[in-house]
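Two complexes follow with chain A in common, the first pairing it with chain B and the second with chain C.
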Partner chain A sequence: MDIGLLAQYLANGIMLGTMYALVAVGFTLFFGVLDVIKFSHGDVLMLGTFAGFTVWLGLEAAGISNPWVQLVLILIASMAFTAAAGAAIAKYLVLPLKKAPPLNTLLITLMLGTAIREAVRLFYPNGSNPKAFPSLLPDASVDLGGFLLRADSVILVVAGLGLITGLNLMLNRTRLGLAIRAVAQDEETARTMGINYMVVVLATFGIGSGVAAFAGIMNGLYYNEINFGMGLLLGLIGFSAAIVGGLGNLYGAILGGFIFAGLQVVGSALLPFASAYKDVFAFAVVIAIMAWKPTGLIPERTSDRV
Partner chain B sequence: MARIEIRGLRSAYDKADVLHDISLTVEEGRITCLLGSNGAGKSTLIRGILGLTQPHSGQILLDGEDITRLPTHKIISRGIAAIPEGRKMFPKLTVTENLRLGAYQVGDERTIRARMDSVFEAFPRLAERRDQLAGTMSGGEQAMVSIGRGLMGAPKILLIDEPSLGLSPLYVKENFRIIEGIRDQGITVFLVEQNVRQTLAIADYGYVLSGGKLVGEGTAEALQNDSAVHAAYFG
Partner chain C sequence: MTDIAIDTPSRPKGWLPGVLTILFVAVYSWALLIAEEDWEVMGLIALAAAVVVLGLFTGLGNKVKASWSAHEKPLNLGALIGVLAVIFTLSDQHFPLLMLTTTLLYFLASLGLNIQFGYTGMVNFAGAAFFGAGAYTAAVFGNVEWFPPLLTLVAGGLVAMALGLLLVYPIVRTTGHYAAVVTIAFGVLFKTFLEVNEILGGPQGLMVNSMRLPGWDFNNSPTLFGMEASFYFNYAVFAAILVAVIFTFVRRMERSWLGLHMDAVRLDETAAACFGISIHRTKILAFLSGNLILGIAGALYGMMISFIAPTSFTFSDSLLMVSIVLLGGMGSPWGGAIAAAIVVLLPEKLQILQEYRFLLFAVLVMLVLLFRPDGLLPRQIRNYFPGARNGQ
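So, the complex of A and B:
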């Protein structure tokens, strides 16, 4: 295979890996503080992306057409909306079920995800059809010997990795991060330290959801298309990435995201048939990894939770 | 002022640990102890004061104010801190991070540092190991972290739940000496223990709990010779 093509695959993999990692960290954060799987994560992400898209329609109608201004406003609106949605779900659906078996939370959020998906399909104007998401990033590119490095991908990857780094710094260097880690390790003792448990849980769900919304917008900008079902696959991939990496561990989620992206890229590059099978290949390998390492690549016992 | 008054408390945590109509007072500036064997209801009482278990009925007053239904973080903000049973370190956090959590409600970084310095002064061993994960330390060292963490919030009242549990006799002795020192700094101490002899040696006043009921109270000297104490343990 020639170098240019290889570089193209690599760039794709990094792009997708960043996106998946942004979704996976949410699963790991939620599991860290509450020991629950929130299956509506992907659909909440989709909802946030549609919120961002709606803001874009509004900006266009209002005649605000500077792409950078649009981008910043879309991101702020989408992340804030999704953060609020995530916190609300934690408060009204997840926390009330705290004493119930975790399976119940999983079921309820699974149903919520379906309800959100169907609601967007039915009630968003022409919601059953894909929407053309604007390309707001510069379409310049650099030719690096047979490989076109697109400026928009570079910006997206840098911003995405910056967000993950910021999240990591928040967890390890701030007072809120310390509180989140304390709650993840021992809820009651954390409360005994004077930590407002409810605030920490809602903040965690808000942050995890807001970060996922960034991945949703990234997805829209990259493929120039969004649809009501986009959260299903992104959520499933994010969940698999978090599990493969070792649920409850931030680095595991990031690693898992990049592994999954790598598998997809390898699948579409090397499989002799159409690249449509890349997900089949990636999920099959994930199943094999889980059979080999049932608790994930970075198991919780030997590592810090979130 | 720093005084806890409990009136007619009925509460249950798990099935074995039930409290029936408990009334007691923790007086300011003293060590008040609560003696009782396993399952007598000692932990339920501590959980009640901290707001971790909601009582069925009764009142908990702090300096005359009802704190019975307050969420835990609001109770802590009124000047109560706890050294929980089994020390309850955050095993995957460093010594420094554990201590910081003890001063979670203190916003001022300089105050936090000053208090941490005084903890390190009292426990030089912790200063050496400040960046070590608490879970990798010995039981005695963890006890130091737990005590230091309890003091980081500069509480008016410190609740101490079975500090001698799982420690070697040498550490137990050391711990009780430290608790006396805490009282001498002017902090009100409510000490819950099974270890009768050593507890009464440092306490000012005590209550005896058996089967969820108070079966005796008095000054430490009086309790040392009280048959109810012996009955509660051996009867």
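So, the complex of A and C:
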């Protein structure tokens, strides 16, 4: 195998890994503050991407065609919309079930995901067909010895990694981050210390969902196509990544995202006769990792009541 | 916990409310199955809603429940006779029989999932995958000339069980969300595998041979009292009997010490382990037996519709099966019957809803989870002495 092809696989893996990590971070944040799995995450992401797409259609109609302006407006609109949706889901569907068994929360968000997916398919104009997402980034590329480094991939990866770093700084350096970590550690004590629990929970869900919307736009820009089902697989991969890494841990989510991307790339590289099996391979390895480390590679620190 | 208590009705209940319920439900389902116009279906649904409200407010519902728990065996047999009677009255109608059989098979699948979700508290989001494993087994073995089709049915269950065996190790080691991801990953893996695998027909799917018993070819239309019946009649009768057998088996298991172990593991694993219950063994038993039932249901379903493709066994279908269990009420087998009828019949009957069915049931399950988390027909308190009266 020549170096160029290898570099191509590597670039592809880094790109996918960043995208998956952005989705997985949301799962891990939600699990941190509320100990719940919000399975509609992937479909909220899809909804955000469609919101961004709608904004793009509006901008085209309004005659604003500078790609950078378009990109910034799409990102702002899509992330704001998704953040609002995430906070609303937390308030009206997740928090009311706080006392119920965790299975119920998982189920209600699974069903919400299905509802969002179906609603987009049925009610978005021509929603059951894939939409061509515009390529707004410069399509220049540098030839590095048989390997084409595309400028848009570089921009996307840098922006995605920047967002994760920013999120990490926010969690560790700001008052909001402190409040989120406090609620994650001990809800009761955090409340008695004067932390506004509701605001922190809603903010966390908003931030996590907004980050996922970024991943959705990234996905759209990279593949130049979005469809109503994109959230299911992305959400599933993000969930698996967060679980493989270990829930409630930001680094675990990032690690899991890159592991999953690596598995997919390795799967398609090593099984050239059957690159269609790459998802089968990746999910099989996820199941194997779960068997080996039942609470993820970086396990959450819990103790069972005896 | 009031989950386990000795059920002592204040005074012995007669069998009359139960029998009347069976009669009403039989006539009602007959009417619903042959109703063709939208307004007829709407009227029947409104009638059902009215009866439910009436039953809740006048206490009739409780009378039926008490009557049922006092005379469970004869009334269950009566329900089987009721189903068979409906099948006989519809014997020459293809479509109603197909719907009825599909409902029965989904009910069967919900029984399997019930063992996992309802009794043991394990999650399985790959129900459609195990169902599909049974159907694909039926397709493969059905083409083998010498292989008896009745054994194909069993083989479907065994293959689903064997696939479950692959997951057993991660399943018993993980709990909660972590177990959920194992089954979800498996469900997606299974469907993707079917789509890319050329031997199993790829995305186009496979033809399935029909069921044959010695001297009883299910593809031939039987003649009843000089009238030629639909060939679905065979499947409907066979499915009804199969459901009755497996229903009995599941109820027996629930009532036995196995069921007690499952309940104990669901309610509190630590406490169960302290009392010497092997959590692993209980979970493995529940997972495998549930998958066995799913596989059998899938095999017969494949034989009946005679053509299967990966798109019938997606993650959304798994969720649809979970919503049957949840709508009916966790651990409530009869609830599963009602929910299966709602989930299967409603979209078929109201063609406008067909397109919206996933959306509709997703919203319905969300409402149930928010406002009636026990389901439509919540599980009854455990009855240690079925049919026992006061002072006995």
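Keep in mind that, in the parts below, the second predicted complex is superposed on the first by the 299 of 306 C-alpha atoms of A that agree within 3 Å, B and C clash if a C-alpha of one lies under 4 Å from a C-alpha of the other, contacts with A are read in each partner's own complex, and residues count from 1 in each chain.
Simple rule for what comes next: a contact is a pair of C-beta atoms (placed from the backbone, for glycine too) under 8 Å apart; a residue touches a chain by one contact, two chains touch by 3 or more.
Predicted model, so just to flag it, every value in this text is computed and none were measured.
In the three-chain model built by superposing on chain A, chain B fits alongside chain C with no clash. Within the superposed three-chain model, A:R191 lies in touch with chain B and out of touch with chain C [touch as defined at top]. In the superposed three-chain arrangement, the CA centre of chain A forms the vertex of an angle with the CA centres of chain B and chain C, and that angle is 90 degrees when rounded to a multiple of 10.
Judged by the number of chain A residues each one touches, C leads among chain B and chain C. In the superposed model, A:A62 lies in contact with neither chain B nor chain C. Of the two partner chains, chain C is the only one touched by A:I287; chain B is not. By the touch criterion defined above, A:S240 lies against chain C but remains apart from chain B after alignment on the C-alpha atoms of chain A.
Contact with chain C, but none with chain B, is seen for A:M111 once the two complexes are overlaid on the shared chain. Once the two complexes are laid over each other on the shared chain, residue contacts for A:P102 go to chain C alone; chain B is not touched.
For the pair chain B and chain C, the least inter-chain C-alpha distance in the overlaid model is 13 Å. The interface of chain A with chain B overlaps its interface with chain C at residues 304-305. Of all residues in chain A, only 31, 37, 93, 96-97, 100, 102-104, 106-108, 110-112, 114-115, 117-119, 122, 232-233, 236, 239-240, 243, 247, 274, 276-277, 279-280, 283-284, 286-288, 290-291, 294-296, 304-306 touch chain C in the complex they form.
Residue ranges of chain B in contact with chain A, taken from their complex: 50, 52, 71-73, 76-77, 82, 84, 88, 90-93, 97, 100-102, 104-105, 149, 153.
Residues 117, 121, 123, 125, 167, 169-170, 173-178, 180-182, 184-186, 188-189, 192-193, 195-196, 270, 315-316, 319, 322-323, 326, 355-356, 358-359, 361-363, 365-366, 369-370, 373 of chain C touch chain A in their complex.
Within the complex formed with chain B, the chain A residues making contact are 175, 178-179, 181-182, 185-186, 188-198, 304-305.
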